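Input: structures, listed below.
In what follows, subunit A forms one complex with subunit B and a second complex with subunit C.
After this line comes the complex of A and B, so read on.
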């Protein structure tokens, strides 16, 4: 009798529980799981526009033989290998500096550094484009200061175009990451830092061996989100190069390539889906690696 | 700046839409149209709509202004998803992409062969929209090219307008060097990440990336080789002010930084918008390639209107396009005068506006010149992979201007193109 009753109660809670989560589950299923599975299926098809036929692993073979895909992949990897560490270190240093209680106007500085990341991606890209034009304000300033003889053609030189993209995304996202560090820093126990200071540990030592290890989980989080963000880099390069990924495909990213395959070139939705799965695999792999690198050692 | 103009145009379009809807009687047909460029296509379509409404007061128009890339993206997404409700009734498509859409989304566009008399249009425009003997769409503007130059700069350097007639690209470069020596201005501007210049010169040499059957024709293509060589020489000679993107490109010649530009006739409106430069401009035929079959005329861009097959207002939309764009000669005079739009309806060219001299261009009869050149534009097959080839060309442009041999560049373009077009 008691058994049956508790079984009934359990059942009651089960049914109700599932009813409560059912709407959310249905929406997730409809708008997340179904598109993911459908795009996986799509990646086995190939063709022009709606004239699709089953291609099996044909898209993977094409991927392997496609130099533009490899170019886009290597560009994307260059972007995140160079940009993510620069940005993380910058954000950490700035956060640490702004956390100094003796700093005056820290609110103003915080706002100023955070402000770029509330600006629209497209708006700031267009601004950067005009600032870094051959006769733009950046070149003119550098030349007036005597730092260079010839203007740099930021957007037409393969090397400088990459540098420009890195500068742009660093400017946009450093403040965003800094906010996470600032929040984490304010949660740290000040007494640890004070104890180290009394023991005579210099400030760089406290930063390197105390602050950073204590921020490990936040650093991991920002590294993963930044990596994913850079892997999906699209708006900036699209706006800076008017969708071409130029010069010479030097700023072509995987996302921009997917866009071109779908919208600029003869639409091949199947092949574009295959390329997008490369991003999925990369994000999964890199996230796993980063988790593995900072795992708790027992 | 761009954002602001975009917003104000959007707002204006929205207000215009509201205004039209409010004025319409109940149960009226509303034709929705997607196009780009508020000063050109949008304005012209608004004019066309007003003309049609005079005789058909029950029909109203909702003209939606997007960026060109956005029109293409939205169109492609909606076509792929198969939802007709997301689509407009009429959409503007650039000629280079027409075959791509017609072939990859069969049945999406309404054939109009039995309703429109296509014999009156420039043949190359009709060919672009023909698939398996059926013609889809209404031919609209032509992108016949010209050499727009600053009369005052060239005079300062000692050149008269007739010195620009029938010149080769080598001569153009020589003139450019002289102009810079005398005036300190670069001869022209170019965005090397944009394939437009290659396309202009190549088509003037009576060739395209593809042959008449649509097969890839990059290797052994004398016109393409000539186009690449000419551009490499121009950059090497230092007569080009490099541009980064479209706005920068336009700014170079509207601000008076460069002495000339080779581009499509549709730029006239933009140039004439600089009212303080009136009388300082001239138009000449574009320089010629030094190969057999080459002419001093070419084409850049140009687009046409297409009716969606699933549109509820399909018949009204076709009737509207037919009434205005295939029959109303006065309409063509008006859009030429006001917007600099050279239509592709041959009969329109006998109208008054085409005979007029333009004081902005120093009193030259520019429109007659453009319509003469239009008749000389070599008809080529744009194929379905022009964007892919454009990408292959611009990807190799840095190597070309960096000094790599033209034949090696062509080989690299060919290799990339072969992998891209499948």
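After this line comes the complex of A and C, so read on.
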């Protein structure tokens, strides 16, 4: 600004800056920062309900010796490692196909593929539960097409129950990520791509070596948000398994375990807070790794 | 392979991929509508044609649940929650971008870091906080923690980078106060940003599940999402009835999305740069 930094103007800007952000900061402080710190404090306490006593690192020892926690942790990691890459690749492929200027019905395709994001997590989980019933429409279709010989019990088989959760989340979130990529693609300068095309670079080559590197920051953003989302997975598994994380804890996630520790079993706030900090550490670690992976390639 | 053939194949594959993805994306919605007309037995058998049980299902759902009440609860939370979130979070996003200082940049980093905090990690203290304030079983308890959304603040700050600073300066020279510039210039100029944010925030509020599940404990305060969840949690759910509920839970968000689709896409374009 030309008006230079006279003290009065600087003060004016500063006061207004605080006024605009104050309501949000007050709310974040009360409903985000305070609970995080409180949670950390709680994790050093143990006991049922409101009767808590100081336990130091007792909860960490219990965590280490808790097979259900390890089960929930490994399930959550399996969901994350398998689901996020599948979804990101699918979303990129679809966005790239949609971005083709010669494509017809692109609006229709885009709307259809975005549609799952409009559904509520609970509603679509119910729909999936009914579609994937043993005699349900999915098994019948697969059998009619000769793709399977016997119906799969999606909801009770330990392996297929996990697959079902992965299919469900991928259905719900691929279109969401696709929209971010599509928006980024449409903001890109097409001339480089055009030049490569004229030079005879095939479309898959342009996609891999031109488009993807240019989308790096959006891919990073969606990977981190998807990581956070998958590590927090709750609604879907709760609705698909009546809150049990069954069969025999095979779909139990960390969030569901925390919920069960707090509100289903005899409440143990301290131990639940300890488990919840495992997610915080995981998310922070993975986000950092993803940032680092992208930075390195520069 | 000749270039022409290669291009034809690529084009055919593209249409195949998109058609398949579109079909899979839409099928569950189709299944929901078909299911609403079928008996639970037919749904469990995977029947994919229209049936004649629609009125039975509607009756079943309206008997099982106080429909007007739960729809009103959901609407109330979604409307007030969305309006307050957009106001508070856009004020902050604009403020962080327009008036910068070293300290506020640091605070902004902390705000962004809270995006990494999973809800499960704060829900216990949050529940205890609401319990000690006597807000359990109230809709205020649902709305309050969602108003200052780090994601929406980030979204508005990104979008504000496209807001021309000259507009702000010109208005200031004309004697407008900062809140007037925000209200009468920024908001109208950024309306497609607001539209996209509205779609996202409305859906988050309408579909919110875990927190209402914890806080809303009586039938009088329950939302439609909680109602269909509890109906479907039986070991053998009455799917025909539940389908009516899933339709009622999905229609408002579908409507909001279709009504604002154009602005939504525009707003997203503006924020991803």
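In the analysis below, the second predicted complex is superposed on the first by the 270 of 298 C-alpha atoms of A that agree within 3 Å, B and C clash if a C-alpha of one lies under 4 Å from a C-alpha of the other, contacts with A are read in each partner's own complex, and residues count from 1 in each chain.
Here, a residue touches a chain if its C-beta (ideal position, glycine included) is under 8 Å from a C-beta of that chain, and two chains touch if they have at least 3 such contacts.
What you see is a predicted model, and the numbers here were worked out from it, not measured in a lab.
*Asks:* Based on the shared subunit A superposition, would you classify subunit B and subunit C as clashing or fitting together?
*Replies:* Here the two partners, once superposed via subunit A, clash with each other.
*Asks:* Who touches more of subunit A, subunit B or subunit C?
*Replies:* Comparing touch counts on subunit A for subunit B and subunit C gives C.
*Asks:* Using the touch definition from the top, say if A:123 reaches subunit B (first), subunit C (second), both or neither.
*Replies:* both
*Asks:* Tell me the contact category for A:38 with respect to subunit B and subunit C: first, second, both or neither.
*Replies:* second
*Asks:* Is A:243 touching the first partner subunit B, the second partner subunit C, both, or neither of them?
*Replies:* It touches subunit B and subunit C both.
*Asks:* First (subunit B), second (subunit C), both or neither: which does A:28 touch?
*Replies:* Only subunit C; A:28 stays clear of subunit B.
*Asks:* Touching A:97, do we find subunit B (first), subunit C (second), both, or neither?
*Replies:* In the superposition, A:97 touches subunit C alone.
*Asks:* Quick one: classify A:189 as touching subunit B (first), subunit C (second), both or neither.
*Replies:* After superposition on chain A, A:189 lies in contact with neither partner.
*Asks:* Scan A:199 for contacts with subunit B and subunit C and give back first, second, both or neither.
*Replies:* Touch status of A:199: no partner.
*Asks:* Can A:149 be said to touch subunit B (first), subunit C (second), both, or neither?
*Replies:* In the superposition, A:149 touches no partner, neither subunit B nor subunit C.
*Asks:* First (subunit B), second (subunit C), both or neither: which does A:263 touch?
*Replies:* A:263: touches subunit B and subunit C.
*Asks:* Between 73-81, 235-243 or 253-261, work out which stretch of subunit C sticks into subunit B after superposition.
*Replies:* The stretch that clashes with subunit B is 235-243.
*Asks:* Going by the contact definition given at the top, which residues of subunit A touch subunit B in one complex and subunit C in the other?
*Replies:* 120, 122-123, 126, 129-130, 133, 242-243, 262-263, 269
*Asks:* Can you list the residues on subunit B that touch subunit A in the complex?
*Replies:* Spelled out, the residues of subunit B in touch with subunit A are 2-3, 69, 72-73, 76, 79-80, 100-101, 103-106, 192-194, 241-242, 244-246, 248, 384-385, 387-388, 391, 394-399, 415-416, 419-422.
*Asks:* Within their complex, state which residues of subunit A touch subunit C.
*Replies:* 1, 13-14, 16-21, 23-28, 31-36, 38-39, 42, 90, 93-94, 97-98, 100, 102-103, 108-109, 111-124, 126-131, 133, 135-141, 171, 174-175, 179-180, 183-184, 186-187, 200, 202-203, 218, 225, 228, 231-232, 234-235, 238-239, 242-243, 254-255, 258-259, 262-263, 269, 272-273, 276-277, 279-280, 283-284, 287
*Asks:* In the complex, go through subunit A and note every residue touching subunit B.
*Replies:* Within the complex, subunit A contacts subunit B at residues 48-51, 62, 65-68, 120, 122-123, 126, 129-130, 133-134, 153-158, 241-244, 246-249, 260, 262-267, 269.
*Asks:* Once bound in the complex, which stretches of subunit C touch subunit A?
*Replies:* 3, 6, 10-11, 14, 17-19, 21-22, 24-26, 28-29, 31-32, 35, 43-48, 88-89, 91-92, 94-96, 98-101, 104, 107, 110-111, 114-129, 144-145, 147-148, 150, 153, 169, 178, 182, 203, 206-207, 209-210, 214, 225, 228-229, 232-235, 237, 239, 242, 245-246, 249-250, 253-254, 257, 261, 265, 268-269, 271-273
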